[in-house]
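Lettered A, B, C and D in written order, each chain numbered from 1.
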Amino acid sequence: MKLRKTLTLPSRAALLGSAFVMAGLPAIAGGDLIWARYGDIDSLDPHRATSTLSMQVWDQIYDTLLAFDEDGVARPNLAASWEVSEDGLSYTFSLQEGVLCHDGSAFGAEDVKFTIDRAFGDNPSLTRTSWGPITGVEVVDDLTVTVTLESTFGAFLPFLADSFSSIVCASNAEAEGFGTRSAIGTGPFKLVSWVQGDEVVLERNGDYRNFGKPVENAGPVHLDRLIVRTIPEPQTRLAALRTGEAHIAEPPFDDIPDILAGDELNLVVAENTGQNVFWQYTVSRAPFDDIRARQAVAHATDPEMAIEIVYGGTNQREWCPIAAGVFGNDQEFCAQYGYPYDPDRARELLAEMGYGPGNPLETTMYVWTGGNRHILAEIFQAQLADVGIRASIEIMDIGTMNARVREDNERTDTTAPGTFNMMTWGWYDPDILFALWHGGGAYAGYQSDELDAMLELTRELTDEAARLEAVQDVIRYLMTNAIHVGLYTPGWEWIFALRPEVEGFKVGAFLHPMFQDVRLTD
Amino acid sequence: MSAPAEPVAAAPVAPRRAIWALLRSPSGAVGLAIVLLLVVVALLAPVIAPYDPYRMASGPRLAPPSWDHWMGTDQLGRDVFSRIVHGARLTLMIGTIAVGISLTAGLLLGLVAGYAGGWPERILMRLVDVVFSFTEIVIALACLAILGVGLINAMIAIGIASIPFYARITHSVVLVEKNKPYFEAAVAAGASHLRLIFLHLLPNVIPTLIVVGTLGVSTAVLAAAGLSFLGLGAQPPQPEWGFMLSSSRDLISGAPWMMIFPGLAIAITVLGFNLLGDGVREVLDPRQRAR
Amino acid sequence: MLRFIVQRLFAAAITIWIATIAVTLLIHLVPGDPVRIMYAGFQTTEAEIEAIRARLGLDQPVWRQYFMYLGRVLQGDLGHSIVGNQPVLDTLLQRFPATLALTVSALVIAVVVGGSLGFFAAYKRGTAWDFGAMTLAIVGVSMPHFWLGLLLLFLFSMTLGWLPVGGSGWRNLILPALTLGLATGAVIARLTRSAMIDIFDQDFVRTAHAKGLPKTLVLYRHALRSGLVPVVSMLGLQFAYLMGGAIVIENVFAWNGVGRLAIQAVFARDYPLIQGFILFFATVVALVSVVIDVTYALLDPRIRYGT
Amino acid sequence: MSAPLLQVRDLSVAFGPVRAVDGLSYDLHAGETLAIVGESGSGKSVSSMALLGLLPPRSARIEGGTAVFDGQDLLRLSDRDLRRVRGNRIAMIFQEPMTSLTPVLRIGQQLTEALVEHRGLSQAAARDKALEMLRLVDLSDPPRRMRQFPHELSGGMRQRVMIAMAMALEPDILIADEPTTALDVTVQAEILGLMRDMQARFGTAILLITHDMGVVAEMADRVVVMHRGRKVEEGPVRAIFGSPRADYTAALLAAVPRLGARSAEDGPRPIIDQPALPGAVVLHAEGMSKVFAGRGGIFGQSGGTVAMHDVGFSVRAGETLALVGESGSGKSTSGRAVLRLLEVDEGRIELEGDDMRALSTRSLRKARRSMQMVFQDPFAALNPRISIGRLIAEPMLIHGIARGSELEDRVAALLRRVGLEPVHMKRFAHEFSGGQRQRICIARALSVGPKLIVADEPTSALDVSVQAQVLELMLELQQSMGLAYLFISHDMAVVEEMAHRVAVMRQGRIVEMGPRRAVLGAPRHPYTAALLAAVPKPDPTAQRPKLPRLDLKDLPMGPLAQTAPDHWVAQ
């Protein structure tokens, strides 16, 4: 479509950026770049939050053992190389030499051990399960560390490329106020200050070296400082962008057409974000304990139309339970089990269940606040009404939503109709499905031994082909049973508007913004 | 919030005379007109509204005010005018429910405390004062933190939140009335507690509460709009004015009409009740009229 | 006088004390299991939830929980927030200066604008001036201040581009302070007017006139001085309302004070933060009203030299 | 006689459509005291306010006339010029000393500012002058007074300050608007005396506005009598009192109770042929004490004021016991205590033999049938939102005396009994005049056929002419129904007219109690004597005896002792 063409896609942006560098066009090194976002980070501690907002800042402060390349494949990074034991139960990483933590201490095996031990400590990481069945970390020498697993774990290496596995330098143990006032890593930027709700100020890490990130610049960043500022109001962000109070910001969706219509701002729209927005239901009680009700909702709603209205073609329909760019995602494969917009089919299903114009199906739709999702919800609400599903909307914070969905599934003491929700997850690997559905999963939702077995398989298999098959089995199961119905991707914070003087900004796979190549021209 | 701490209305005013007096006072007349208009609009909403307030694509999306859409359309092409017209119902509901709750509870509290006197009064009113000093909005927030968001919850929250206000006013009036000889005369006549409270105190408290209640509606409407604006009140697709305002924020520059009209609606409604309240006070309180 | 101050402080203490009870009850009024609502999220196991429950002492009987809470509060520990698990008091203190700056500057605007408008109207009582001023005031009272905020934003930032659209720093303070100040100013104008009219009707003003003093002298020395007493006495309450209004206004202008924090907390059902906020708010309001009561006592000899 | 200092001609003032003053004319000569008398609403105050342009702006309008003072018409003067006259050449003092001084300014400043303004004195000079004036109005320790705030002074002291303030500039005219109405009789005497001294010292002409014939007789050289905004009569004081020409004046004077008029009689004037004579004891009270807690609240009690200390008395059927005393003497407290409208700390109260304090709330309510109360302010005493028919019926309903049509008839009868029309039943209190309201209150009290009526200053809110009628009604009722009255009043003359026996109270104690004739005729207690001496006589010929200087410190305030049959005096 027209829109796509005019977009500066990440890869091309990179080329563009580098082209300038090579041509040596006037580009002053240094300067402060202000990045305006709708919300603040929750914590500087990669074990204490799961929000994209937080992760994107961790990326700048910390580094990871592995790193995703442009296609989202995990490559060596802080870990120059590694060996896997025959049984696939122990990984031995040899680390890069001469890397320094922000406090000047040398980065090494101790830091890796510190990080992993911490993740499994008495106040464990929120994403502990995703680390895998780790049983021990062993420092072989300064630059060699061995991690042993209880069982083989296919998603182990990808995880080590994700922000959740950010390496936290051991020196943080002494540092006071880790996570709020201090954060020592090996990333391209050092923490200067964090004023909660207002801004995070980062400064150039002169000792930084890049090994695996898909950027041109292997050394320290060109910028002097990176200021990540919170500006909740889209209009305010846009105005800030236009007046130069900010260099990069997520624009209001309704203004995207204008921006594309050749005004000075540039757009970067991330792809392969791993973000998945999907229908999910309270399967523990009526009406959604009946697959027909779940299918009816899926058939009654038209994501294509909705996202076109709300996001103007900056994202696309996603058929799969795991988003584009993630291992195992295959639109053709998923589509055959999917639920295309078909209100008549929906009405049939409802009729079979005994619902009709006379007695509509009453339920409630939970939606995560922000990102114009409430408009999306209103569209779906209207479409559902057409087929005789009366859904009231409750908009809430994502944390609350997670809790409420789980609560609804666990509650047995009520006769109130079950709810359904427009759930949102961004992940780098199909392992998310294990977190979401194994033994009921994060939401104590749908549970069956058959599914559990399939999910366990996706974890244990390490051979790509075999794993792909297992993953597709899970996908088929989830979709035919209408447990996890994909809607669209990406879903949030994937559009970046740039001032013209910003060059070399790129967003890697799974929504990792990278500033290594960024320069401010005048 | 300004309200008469001292009781209004020295002498009773016959209903018919009251209406006339009200219509003669400029604020009263205008206020009454606005409030009546609001009521009419609310009652006849389906008749007045040219479109279904919920139907999408009643027109093009984000169309500026035009002959077809007097107040333009929103992101989903819904007719803003129709939504505002239907919003009047919600607004009226908010006003009555919230004030209903706080007025009844506050009245009883104030009456009992004021009449009982002694330590029950002291403790009760001290408590009320304390809660009062938290201010409505914070109490409302606390309530919503418990009840969860939603328009009905917001109404309840606001109702609860302003109980102390009404309790204090009732109490202050009761104190004044209680020390008037007529009350003592009734005691001397051997009147029972109930008789004293409901025949002698209550009628003399009512006028003040009519005034405060009218003004209270405006406060309630404002508060509810505020909560909805913050996203704690009305939920989509309810055409609640405060909520419409909040969803207009992203479009201030692109579609200002989405911000201007709901705001106007709230302002005019609140103004109406404020004026009416002032008017009623003038009518009921000769001292005020002298000014 | 000293006795007066002691009394007010005592009253403030009671207020705060009751607030502590209120916030402890708050968490128990929540339907469902607060711990689950707050902590049961991604990948939390039953064991962890029970651990949290124990850590928060939520497995104890209510009265013990209260005293545990009170004990912690007295040591200045308001617990840790759920989102990002940070010390609540630190967070509040970090955000408070912004709110204070906003409310104080708004109060100044409100008193200057509202006070003079009200005084002027009272002085011109019954004239077109009075009518005009009061019309202005009642319109001001009736405007939703968040709407006023949006209008100002639209005018000064979007259209004229004179002022920044949000963030920190004094230039960003102008609009929110103006919004809040004008809204409150309208209320103060009405209060001041009626207070001053009461004063003008007093015998002693007549006496002053009968002495043949120049109008201005009567106005400022006799009337205004006495009028200040009731006006100042209202400020305590007005400040509380300003603090309340700030909650909304901060969200309109993305002004980074405790108000925005509070709303985020309510959305995230971050109960420790909500509890902390209410307690903090009550404390600030209580203390401020003590200060204001004392000032107005200083203005009023009947209290200053009262027995 | 020299040319008049102030010449008022055809002065007319209107409030909206109402003419408050209608074509008033009079002269005021140097050094004389001209009294303008009239009942409420006669326009006496308005007329004088008009002179100095102190009428409430906008609401009042001067419709015509002139007021020539020293060659210029005050009514036509510009604000600036009028200001030069105000306070400077013509000073004014008001009725309410409590509210007439600015509460937030020190006495000193309020005294000096006019001096600085008009005389252009230096602060120091003004201060000296102020001190001198305070000495003249003999306030103790002037320097301290200068530093004090109004609320630290008593009413009498404040009025002295007002006078000092007014006289400081040695004005030609002093307008005194009801200068002593708000004060106790003894203080009033002092203030009147002070005004005379001042006049003598500075030769000031005084324009005295008052409703009190006693004050007029004592102070005035000439009198202007006003009624409904018009001057009905003018003349030298003796002429007015001696041979009033206008009927209104005559009626007014006739209505004024004169202390000593009945000094020869034992009881009140008989209204009916066979008045009921005092019978059995209805009320007996002894050792009543009450301490009012100071401002309390959560913060516990603090201090406290003694309202009653060991007060005891008894009243017989058909008898009136008068409790007299100045404000704060505890007379009202005693009255309300008797009715158990407030709980006494200790003491015994018996109504027809049974102990009132022992009664439960329920049986107390029943007992209230036999004791009723009549209040000082009849308007406030009637619930504004209940028709007077229902108000009068209420006690009977409560005590189940009558219902339905019978109730209706009784109410009608009661109304007639007190001289009102049954058709008034449907009306509300605000539709009646002060006198009528008091009649309604009395009817209400009578409705349950009480034995005892406590009347707390029943007429002090009424004009003298009305007062006379109400008093007569009360006498008539007592004599025909054998009611026992506990009559609370500050007005000695009224007491003399009503009472059989008198109890004089001071600071919560009874200092003297005995037969009215004995107590008023030959007081045994110095305080009683002082009270009586202080009462102004409505008779210009009478020479006021020199006020006995009371030494308040060693007044005998001890327990009562019988000094003559049934005559008790504090030791």
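As a convention for this text, a contact is a pair of C-beta atoms (placed from the backbone, for glycine too) under 8 Å apart; a residue touches a chain by one contact, two chains touch by 3 or more.
The model shown is predicted, which means the values in this text are computed figures rather than measured ones.
Peer 1: By C-alpha centroid distance to the whole-protein centroid, which chain wins?
Peer 2: Here the chain at the core of the arrangement is C.
Peer 1: Which of the two pairs, C-D or B-C, is linked by more C-beta contacts?
Peer 2: Counting C-beta pairs in contact, B-C comes out ahead.
Peer 1: Distance from the CA centroid of chain C to that of chain D, rounded to the nearest Å?
Peer 2: Spacing between the chain centres: roughly 48 Å.
Peer 1: Could you work out how far the Cα centre of chain B sits from that of chain C, in whole Å?
Peer 2: 21
Peer 1: Starting from the mean Cα coordinates of chain A and chain C, work out the distance between those two points in Å.
Peer 2: 40
Peer 1: Could you state the distance in Å from the CA-based centre of chain A to that of chain D?
Peer 2: Roughly 87 Å separates the two chain centres.
Peer 1: Residues touching two or more other chains, restricted to chain C: which are they?
Peer 2: Residues 14, 125-126, 158, 251, 267, 269.
Peer 1: Name the residues of chain A that each touch 2 or more other chains.
Peer 2: Each of 233, 235, 239, 369, 396 in chain A touches at least two other chains.
Peer 1: Which parts of chain D, given as residue numbers and ranges, touch two or more other chains?
Peer 2: Only 298 qualify.
Peer 1: Quick one: in the complex, what on chain A touches chain B?
Peer 2: Where chain A meets chain B, its residues are 233-235, 238-239, 252-255, 309-310, 369, 372, 374-375, 377-379, 381-382, 392-396.
Peer 1: Report the residues of chain B in contact with chain A in the complex, numbered from low to high.
Peer 2: Residues of chain B touching chain A: 54-56, 61-62, 75-76, 149-150, 231, 235-237, 247, 249-255.
Peer 1: In their complex, what parts of chain C are in touch with chain D?
Peer 2: Residues 7, 10-11, 14, 125-126, 202-215, 217, 221-222, 225-226, 229, 299-302, 305.
Peer 1: Using the touch definition up top, name the residues of chain C that touch chain A in the complex.
Peer 2: On the chain C side, the touching residues are 32, 36-38, 40-44, 48, 82-87, 90-91, 94-95, 157-158, 161, 164-168, 251, 254, 256, 260-261, 264, 267-269.
Peer 1: Show which residues of chain C lie in contact with chain B when the two form their complex.
Peer 2: It is residues 14-15, 18-19, 22, 26, 29-31, 125-126, 138-139, 141-144, 146-147, 150-151, 153-154, 158, 187, 190-191, 194, 197, 237, 240-241, 243-245, 247-248, 251, 262-263, 265-267, 269, 271, 274, 278, 281-282, 285-286, 289 of chain C that touch chain B.
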